[in-house]
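Two complexes, one shared chain (chain A), two partners (chain B, chain C).
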Partner chain A sequence: MEEYRIGVYICWCGTNIAMMVDVEAVVEEIKKLPNVTIAKDYKYMCSDPGQDLIVKDIKEHHLNRIVVAACSPRMHEPTFRKALENAGLNPYFFEMANIREQVSWVHTDRIEATRKAKGLVAGAVKRVVHHKALNKRYVDIHPATLIIGAGVAGMSAALEIADSGQKVHLVEQCNQLGGMVRKVDLNYPYLNSSRQTISQLIKNTEEHPDIQIYTESKIDKISGYIGNFRALLSNHQEQRELEFGNILIATGLKSFDPSIIENYGYKRIPNVITSADFEKMLYSGLIHCENGKEPGNIAIIHCVGSRNENYHPYCSRTCCMTALKYINQISSAAPECNIYDIYADMRAIGKDCEELYASTSKKNVMFLMFDQQHDLPVIKQNGNGKTVSIEFTELLSGESIHIQANMVVLMTAVESQANNKEIAHLAGISTDKNGFFIEKHPKLDPVATTTEGVYIAGTCQSPKDIPDSIVQAKAAAARILATIAKGKVQVEVTTAQVNEDICCGCQCCASVCPYSAISYNEDKKVSEVNEILCKGCGTCASACPSGAIVSKHFTDNQILSQITGVLEMQIETA
Partner chain B sequence: MENLVNPKLRDELKKFGVQDWEGCYHCGQCTANCPLTEQGQLFPRKDIRSMQMGLKKTLAGSLEPWLCYYCGDCSKECPRNANPGEMMMALRRYLTSVYDWTGISKLIYNSKIAEFALIFIIAALVLILSIIYSQVPDRSLWITPEGGVAINQFFPVEYVHFGDMVMFVLLAGLLISNIVNMYFKVIVNQGIKVHFINYFTEFWALIWNFISQKKFSKCDSKPYWYVHLFLVTAYVTLFVMVVAFLTWFQTDTIYAWYHPQRILGYYATLGLFAGTLYFIYQRSRKTKENSKHSHYTDWTFIVLLFLSTLSGILVHVFRINGMALATYYIYIAHLMILTPMLMIEVPFSKWSHLAYRPFAIYFARLKKAAENKQKEANMEATYKLKESIA
Partner chain C sequence: MNYKPTIIGFLCNWCSYTGADLAGTSRQKYEDKIRIIRVMCSGRIEPTFVLDAFRKGADGILICGCHPGDCHYHEGNYKCLRRFHLLQKYTQQMGIEKERLRLEWISASEGKEFAELVDEMSEKIASLGKCMVKETLDTYR
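And now, the complex of A and B:
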């Protein structure tokens, strides 16, 4: 049996730890433990001199296990593992004790805090001798990319990737490319033609030799892992198999159906239409009521189905500016028409949007504010059949008012696609409470997902406008191109492993694995972990009734000896 | 129809001097800065909103514009340069036309040509009447036996006084009917139930505010208030003397300088002269908020008032110096300026604020009293309800 030579380092973290923990006393106590060759304290272990200290000691004292008692491993475990590597030691011969977040920051009694710190460090010392050397693993990346959804986001990413010479499989469920933007006449804030913008994009996509387009197709199955995915794709006639290394999901969103909002009478009252209906009208070039006449009074209602707990809690993000766009379009088509814009908050986010608001205010429009949460306007049909009246409390004046209008445009919310859950399941990612795909980190990584090799872009992640969708699509393309360029990716090493001799084949583990990493081997009648998909979360290990699963780096032995270490020290110092 | 939003009203209001109705974004700074607004009478933001929305009925029932004395504090602090003070001024012009049932006020405010035409027509009528009445066959009678100016011979005071009285009845009739109209719009149509006794208990406020212009003094700009008070008292004094006591005021006898007739006359003349000059100066300089923006009707009023004063002074100077012919001509000119000024300004234009302001304060007090009564009644009902439950 090898001789264990452990180096223990207690960090002060400036005064963060040192003010509540007597670090020197901890060092003295730990020195007495078996296998501890040296124990030291230092002001900032994560600093360069701190790391150098570890490297130097490993070389000088032939240390083969290291314990650092400092902050949470979240930030600096990789830092110290790197130091071990630099000294020629396997990075997994390392254990960290958290004496900042779990001790100094949460306790007020210095004596007890010091005692607890001693316990945690002793547990780490006891545990680290059971650590095994684990080796980094890499997988090759298949250079093709699957993109699901051919709207602006999907096409922009496809072009970006294909332009650098990589193959793209672009799958679209409709019979045409273009998504939502294809249905829009002009776009804000510059009021130029969406048609032109999108047709150029469609043309470039269709003509690109490296983009393979599959319209009216859907994905039936995705298997594999980053670098080596496979998918089954089908359309009316046939089913085929694709191979690719990365997936970009850009499935967009759809319009909310406002007929469930009783107050607005959509589909019940004539001339109450949705923004999608109005867009069609603008596209055809003629604004008209059901009787064919040009309306003299048009009301626009914002936040229809958005920002209201009964429908969708979120802001649909583009409807405010779309409403301003309508005002401009109406006032140039029908300058005499009175426009009433019934809004809840005017959200002019984005470049030049506030300017659009300012210039639109000068048109023949009256802005009226309502409470989109508790007091929706009521639309009633008038006896004459030609006009409707809209009644509500205007917030800025506090008055109960009513408006007579020939036409009402409902700025309907957008919502996640109905089959998002299905797609999420296929790709091994998750959706939020509103059905939008969840990104890896809402701020630091809004493009990736928790499954490696799977990215999201555009409005399938959250409602957004065209530039934001394209930004996200191109960011995803850059990420995908980076992995393709590397050729290989590193995968998790602390995975789970099934002991085939003990496994009874119950498949409890497969049903709990959040990453679909476990499959059942029909021949051997046991479960198997795909080590590339496995994230080492440990869920299966705790679920297995036979105790057949071992989580590497978190074996029973390692955890039990850590607990023993803590408890022994607590008894010792009582 | 009740509270119907009316986008057309905004165009109409522009003629009354509203410049930039979309400027205001309702931050409320102006109301926070206004020294005169108070709980229950919040302005100017709220009225600006009613204007933007074209709420005719709400505007017609709003007393707040009259409670504003245009100190301009609100405009100074407005982050959007929306000129809330001037909006209130424009609203006062608009409300004057709303209270006036004849429609003449609206005509004057909406058309320069109409206003000037009216002035000229009235002036011409006065001229014709003067020529008819002054055709005394014996021109020697135009001079007193002592060789002084015999204004009562040239222009018998009874005739003028009769004309005066006719005009007075006409003006008073118009003004009173407009105030009654105002009462209907701000109290009756708004569904306010005033307790009968309050009409009397609150009446002192009307008188007191008319005399003291007390509300005005709350504004920070003290000199402005003094000048305005001086002008108002001068105006009222002269108005009473000329219209009600002309036989006492217009005499051929020249009294000593300390005679009350002359003392009062000098006080009033000085007040009018200094006051109008001050306002002409301010309006031309455009440095103060309240004189930065002038509607043409503001200029007409102040210029006519100044010219009336000036011609009045000249009549006096020529008369005491025995310059008969000059006195008579300037006297006719004086009447030609004064009459249209009174006929147009008192019931239809700027002058009417002298009546609407105190009445607005009176009506506002009636409203408050009614609200308090309502509150008490509500509280009593709640109390009773609680008791019955207990």
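And now, the complex of A and C:
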């Protein structure tokens, strides 16, 4: 029998873990467990010296199994697997215990937290002896890319990829390219023409020989996996199939409808309009009230539907600067007009945005602050039908303010597209509570998703301005080009496998597999798993009445011994 | 009084485990007697795992998967749900109270909901007291 030599490493994560877990006590306890050759604690396991420590110990102490107790395996499992590989050990001889996200950050009793950490590490130690060496498998990458959404992000990525000679299928649900930016007149902070910027981008995209554009089209189905995806695409006339290796989702966002905010009377009170309505007016070149006259007083209200738990909790990112842009546009088009800018916080993030705020303050504008959380302004229609009154408490002075205006512009929030859930489902990714797509890691990997080969860019991930959308789009394009350049990609190795000696041929497994990865071998009278199609969910293993299916890396033995470990420690030390 | 029940949580990797991680990154506090075991999909949960955990001394079992329609593998959570009803009938026949075995959907963004769920489940099981499966079986051994 194989002799197990386990190395266990307990991470401090600086003070993140060490403040709530007595890491030294964990080490002492774990040292007593069978098969544990060495147990150590270290400040930062994921750092280079931390990884080197593992590599060195594997060589020196002939370790053949490694356990790291640190952050979530979703974060650093790949890092440590790499370290094992560097030491010449199969990367699957590794197990992680999550004592940061699921212990030190969520508990407050140091003794209990330490006990729990001991249990989780014991579970990992018991489990790791059942780990088997798994070998990496590779598949070829189809060089084409599917991009969903032809706004500024989708087009930028498409051009980046196509310019390096790779094919792009660009799918857009509207009848033209350009997305949200097409509806904007000027953009901040330099007040240059959006129309010009976007039309150049559209022209380049349309003329590119390697970009195939499908407008008024939608994706009905996506199947396959990284490197080898297929999609069914349809428009009014026909349905067609596309093949590609990577997917970029860049579906953008939409405007919030403020009519649900009682206080503002949108759609009820004349001359209360949204920023989108106002943009149209600017685009046409004439600022006018419903009676056709130029307004003498304009009020602009910020954060309409943003940063308020009743509507959307997040900041819509672009409205403050867009409001400043409006002030500049109004002062040049109607220099006599008085402008009241009613804001909650002036957020001037981004290059030259604070400068835009400074220069705008010199215009014919009065900035007034209101309480966005508790005290929204109230807009009422005046008897004369020509003006509206706006009432609120000005936060800085504490005074109640009464403004008469001919026109009110609501800086409406942006929100996720209504069909994001559907798209997430097609591509196998997730949406957050606001309906935006979730990135693989909020800091370390904001363009990938949890599904290999599926990337996100632009405002479908969260509200952002044009430069930030383009940055993310180009980053995603670079990632996609990197996989294309490699030509091959590693696929799931933790697949299912049928033990032919035990299989009775009942085919229960085949009926539950969501990927039709299991077929029945008539000659042998047993079921077989196609490892290229299998994604390793393990559903077949739990459905098999004979226990003939091994769900690699999540075998019964592995899970049952982990249960033993986490519970044993609990009872022993309690 | 004030018995603190030990709960084993089986969480699917894509939604629920990520949701529990989010509870961590957003520093939501919850009962510390839960021990989480990661599986790729709730569809992987076998009755054996649940029975084994009770047998080894767990006071409660919490299975979490993605919300209906959100499973990373499309329908593993439905498979889990179907099996769950049978399993719960079985455990109830064994004399294990219904509250001790739960299946809940937790998405990757529901860190707070996860923390609340653990607290609420712990409280319910605390009022039932210790689960006697292990003791009973041990005496027969």
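Keep this in mind: the second predicted complex is superposed on the first by the 371 of 574 C-alpha atoms of A that agree within 3 Å, B and C clash if a C-alpha of one lies under 4 Å from a C-alpha of the other, contacts with A are read in each partner's own complex, and residues count from 1 in each chain.
Here, a residue touches a chain if its C-beta (ideal position, glycine included) is under 8 Å from a C-beta of that chain, and two chains touch if they have at least 3 such contacts.
What you are looking at is a predicted structure, and each value in this text was computed from that prediction instead of being measured.
With both complexes overlaid on chain A, does A:Asp445 touch chain B (first), chain C (second), both or neither?
Touch partners of A:Asp445: none, neither chain B nor chain C.
Classify the contacts of A:Val512 with the two partner chains as first (chain B alone), second (chain C alone), both, or neither.
second
In the overlaid three-chain picture, which partner chain does A:His107 touch, first (chain B) or second (chain C), both, or neither?
second
Could you look at A:Leu396 and tell me whether it touches chain B, chain C, both or neither (first, second, both, neither)?
first
Tell me which partner touches more residues of chain A in the superposed arrangement, chain B or chain C.
C
For A:Asn338, select first, second, both or neither according to whether it touches chain B, chain C, the two together, or no partner.
First partner only, chain B.
Kindly classify A:Glu77 by the partners it touches after superposition: chain B alone (first), chain C alone (second), both, or neither?
neither
Classify the contacts of A:Glu528 with the two partner chains as first (chain B alone), second (chain C alone), both, or neither.
In the superposition, A:Glu528 contacts neither chain B nor chain C.
Contact residues on chain C for chain A in the complex?
The contact residues of chain C facing chain A are 6, 8, 13-15, 17-18, 20-21, 23-25, 27-30, 32-33, 35-41, 43-46, 48-49, 52-53, 56-58, 66, 69-70, 72-76, 79, 83, 107-110, 115.
Note which residues of chain A are touching chain B in the complex, please.
338, 340, 361-362, 364, 366, 368, 394, 396-404
Sort out for me which residues of chain A touch chain C in the complex.
Those residues of chain A that touch chain C are 72-74, 98, 100-103, 105-109, 112-113, 116, 119-120, 123, 421, 424-425, 428, 430-433, 438, 450-451, 494, 512, 514-515, 535-539, 541-543, 551, 554, 556, 559-560, 562-564, 566-568, 570-571.
Give every residue of chain B touching chain A within the complex, in rising order.
Residues in contact with chain A: 1-5, 7-8, 22, 26, 46, 49-50, 52-55, 58.
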